[in-house]
């Protein structure tokens, strides 16, 4: 077991000397843990890290500085991102990207690590295609909607935050015998909704992957009341057509019962990351540096079945990640 | 210090044998702690407790049963109310209240303890006026809008829940450099909003007690940006005219900056009560039983400056409780 | 995607009519979610569930009753186990087990589901060997030390609880520039310690799987101080020889620096389960019922790489589950 | 209500230009909120603040720098203290204090604000007595053991942290039917223990203010078991003779029942401060600056019955603050 202490030999065949890292798009809990892992893995292999502030916008403007191991001390537990994030309109133009590439050359950077979602990966993909900068993506988004990784950084924390809200609403729902319709985030995907529905013991869940007609809702709620369930928790993914408001309206119209809509919104993006997100971020931050040292480029590092995998950036948004059928079945059956 | 062990002598001059307790109106964290204190204080003085389910609705329908010390075991940490709560339309009619009074007589009840807000106290007040049932109120509402007590049961927990959301939004607001407009509960009062604003370090707070024109907002946000504050947290009490949406619209129109609105809603009613609510509920539950034993009636028990006080029920809604000027000043000055 | 609604056909070839379920050994967060899933999956397939209280002790004494879907309502979020758990001395005798088997026959039970750790699985294993009762195990223990499943129910919550303590100690450690030595649970295994070390950004971790000599500690702490780290968090698994106290003594003797020992203990067993534990418990509770319907016996249901797997009960304690080398390397490298 | 916007006129008759602030002794959640309030109140009145790092140790060594409103941004929710804290041996000598006073003169400081407990106030008291530096104390300690304020900064958070642990232990205690003996902090005082006992629904509480003989414990536990309470939570203040271990030993010896001891320790000092601590810290930070502006010196600012009060520093440790008899009675009676 002593060889546990000896990591796989990473001989840095690509002779990387300096890398840049940025966070882009919506922030997600665990981004700081990923930045920390990038910086410390790099330091361990005598590689310098340039931190780019405010994503591609900062890359374009040259808002960059060297960051070392002490700069990321005491950040693993922090929500948000110490590198800040922003949307960049200039990055959508070839001129904008050319300016960014020039900045990276000026700083002597051998590769760029992009922490974000598919929009951010697009930004990195074009930079590499047009200017040859090796780019590695790290999946950082609460939505868990990227192909090539079982989970994205921030997903677990967002689920926990939404679940905490569901538990609180159940308290008051059970006491007041009310129907709560709760909208959770997830963009076009139902991952968060499904996990929260199973974990929260919700009576019903609506996700964009199964846009069943709203009529069925009414009968479900009526049955629920008939079964003696005085209160109901209904989870709606923000990507489901009509959202929570639509579902709520249909229930009120069909049953005559009063409902309460709760749209959790951006609180799901914040908070100290839960352990699973911190560990995933630590593993992927390490893997991103190793990927560049090994000469890889244009891929996202992900974790599938516990193993690090590399997926071409364009596949992460071209291929789709299904929601779990097992969870969907559980959500239905266990809400009896 | 040994006399600590000897409570004030409560000789039960009113010769109370059996009391009823109910929770009514919106539920609040700590209601269970209050019920538990009522039951155990009564038991300690050989008084039986009848638990009424679903508030005045259950009183009207006779949904009652004896509850003992073991029935309230392991409930002090639970959100919601084990006695359930509901709105009662029949209670607004003299016939409805007559039926409830008859039920209390049938059960041999010497007095009724009502845990709730001003609506609930109205219900109890009319019962006493019309049928002579001694009624004691315990302030159980997150809104803290009752005259006669420094704080109401549930207020501290609601503040903590809202504050947790503000902390999470600050994470993402600081990373994304955004303006968040957060609406908190409180009905017609700004207590929750003010406390959350000070504790959350909000840049601005809008409460119904000071309906200042919305124009000022724009300049405040512009100044904030000028001072180098890239993100802003603005708290709006639900009772402020226009609510969070109105404030948000005004800011967007006046500054051209994008804002995000978050309406926390009913999660503020749920969750395990924080220590301050459990302790307050324990003290007031005890005090309510003592008040009836001492022959008091038609009053709410409250805690002011650490002492138990008794306020006529009608004063609790007729007199108004001011928000704290000190907090308001702090909120302004410390957000520099 | 509509076929998502149709679960795999479970034709119940074993013609199961009634099953029993018990929790045994140390309790773990998520046990209630597992019980709930067992009850509701069974109900969905017209199978009755007998709940046995206080584990094998209750099975021996016949402390059993039918539990239905409503009995498990509002329990998914509760820590502990509504079926209670206990140690049973009588169960270690053939006579004790014969009595338990007789009780199961008397209740017409076709199989037993045991939720617990390896000690509990031993109890079930002998029952099946000696009396032919089909037994299925569900891994419920915070220690994650069972072969045949990536994670055990309760593990994720225990990690989160320990991590929360580490975060709090880091606050005070960073302010006071102190060295904290924190002992976490895990019996003979280092899973919790390792995960908490990575997620908590600990400077050092000691696990039983790598009983490196204590001398190295001293130099590590000296280096840490030299690197400008004024405070240190050191995680020690309870199974590491000498525990936190031993490590602390060695550091104080070798460095002359003051340390603080924190032994978290049983708080790691309690609390509302996190989402990952609730979902795992839901999946495994369902799988346990299906296993019996499919005629399986003497196996533990587990989840590996997202899939349900079945492992002979005796293998769960005979084969050993390694700690993650990847995590161990991360823990070392990222604490630079 | 518009005059809410106009604070009391503070004309700064003492003509304060620059103040210093330090945190000393054990850290407490909310210290950062107090520092923030000091800095921003001062800024609002055109006063500069010098932050002293590591308490009196840093004052002696001259570890000081100007801190402005932006330096305390985003700190109100942080545990620990951004100014760090330490014990100082040199400060106990007249020479050490003379050096500190010289440093303050060199920086042109008109007064010093000390955030800490009685040890820290001693340090400030001697500085003022010997060198004439106006000193104001802010009560920052989780122990709540200072005369002159209803609560100290950090107390509410420590109670909540301990209560969270009690809730978790109750989960497992109730499931396993065990007796837990939990030791909470508080130095020589029982405030935390008492509040946690009432809020946690503990069966028994032992505090130094009532050192009743241990024999009584045995009968209490026996009675509790006889009453059908299978599990017990017993809270012991660290200042009670023998601590949790002593109480546990006595129970085991007298009843033959197994107990589990949990010593919560330093986690009670960490964590994000709860709302009550942040608000108290904000009020007292403001009050400390006003006190100096008004020419006050040698006093601690505190809050009693909602009002700011000033108490001579030496009285804060000479006079004793009693524990609440009401809480003690509640703790007893409600644990029936």
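Labels for the chains are A, B, C and D, by order of writing; each one numbers its residues from 1.
As a convention for this text, contacts are C-beta pairs under 8 Å (C-beta built on N, C-alpha and C of every residue); 3 or more make two chains touch, one makes a residue touch a chain.
Everything numeric in this text was worked out from a predicted model, so none of it was measured.
Number of steps on the shortest path from chain B to chain C, with steps defined by chain touch: 2. Shared contact partners of chain B and chain D: not a single chain qualifies. The contact pattern of B-D recurs in A-C, the pair among A-B, A-C or C-D where over half of the contact pairs coincide by residue number. Note: centroid distance chain A to chain B, computed from Cα atoms, is 37 Å.
Centre to centre, using the average C-alpha position, chain A and chain C are separated by 27 Å. Between the Cα centres of chain A and chain D there is a gap of 39 Å. Multi-chain contact residues of chain C, defined as those touching 2 or more other chains: 167, 170, 174. Across the whole structure, chains are in contact as follows: A-B, A-C, B-D, C-D. Looking at the complex, you find that chain B touches chain D at residues 1-2, 4-5, 7, 36-37, 40-41, 43-44, 69-70, 73-74, 76-77, 150, 156, 159-160, 163, 167, 170, 174, 195-196, 198-201, 209-210, 212, 228-229, 272, 274-276, 278-279, 282-283, 286, 305-306, 324-330, 332-336.
Interface of chain D with chain C (complex): residues 23, 26-27, 29, 31, 54, 78-81, 84-86, 161, 165, 167-172, 174-177, 180, 260-263, 265-267, 269-271.
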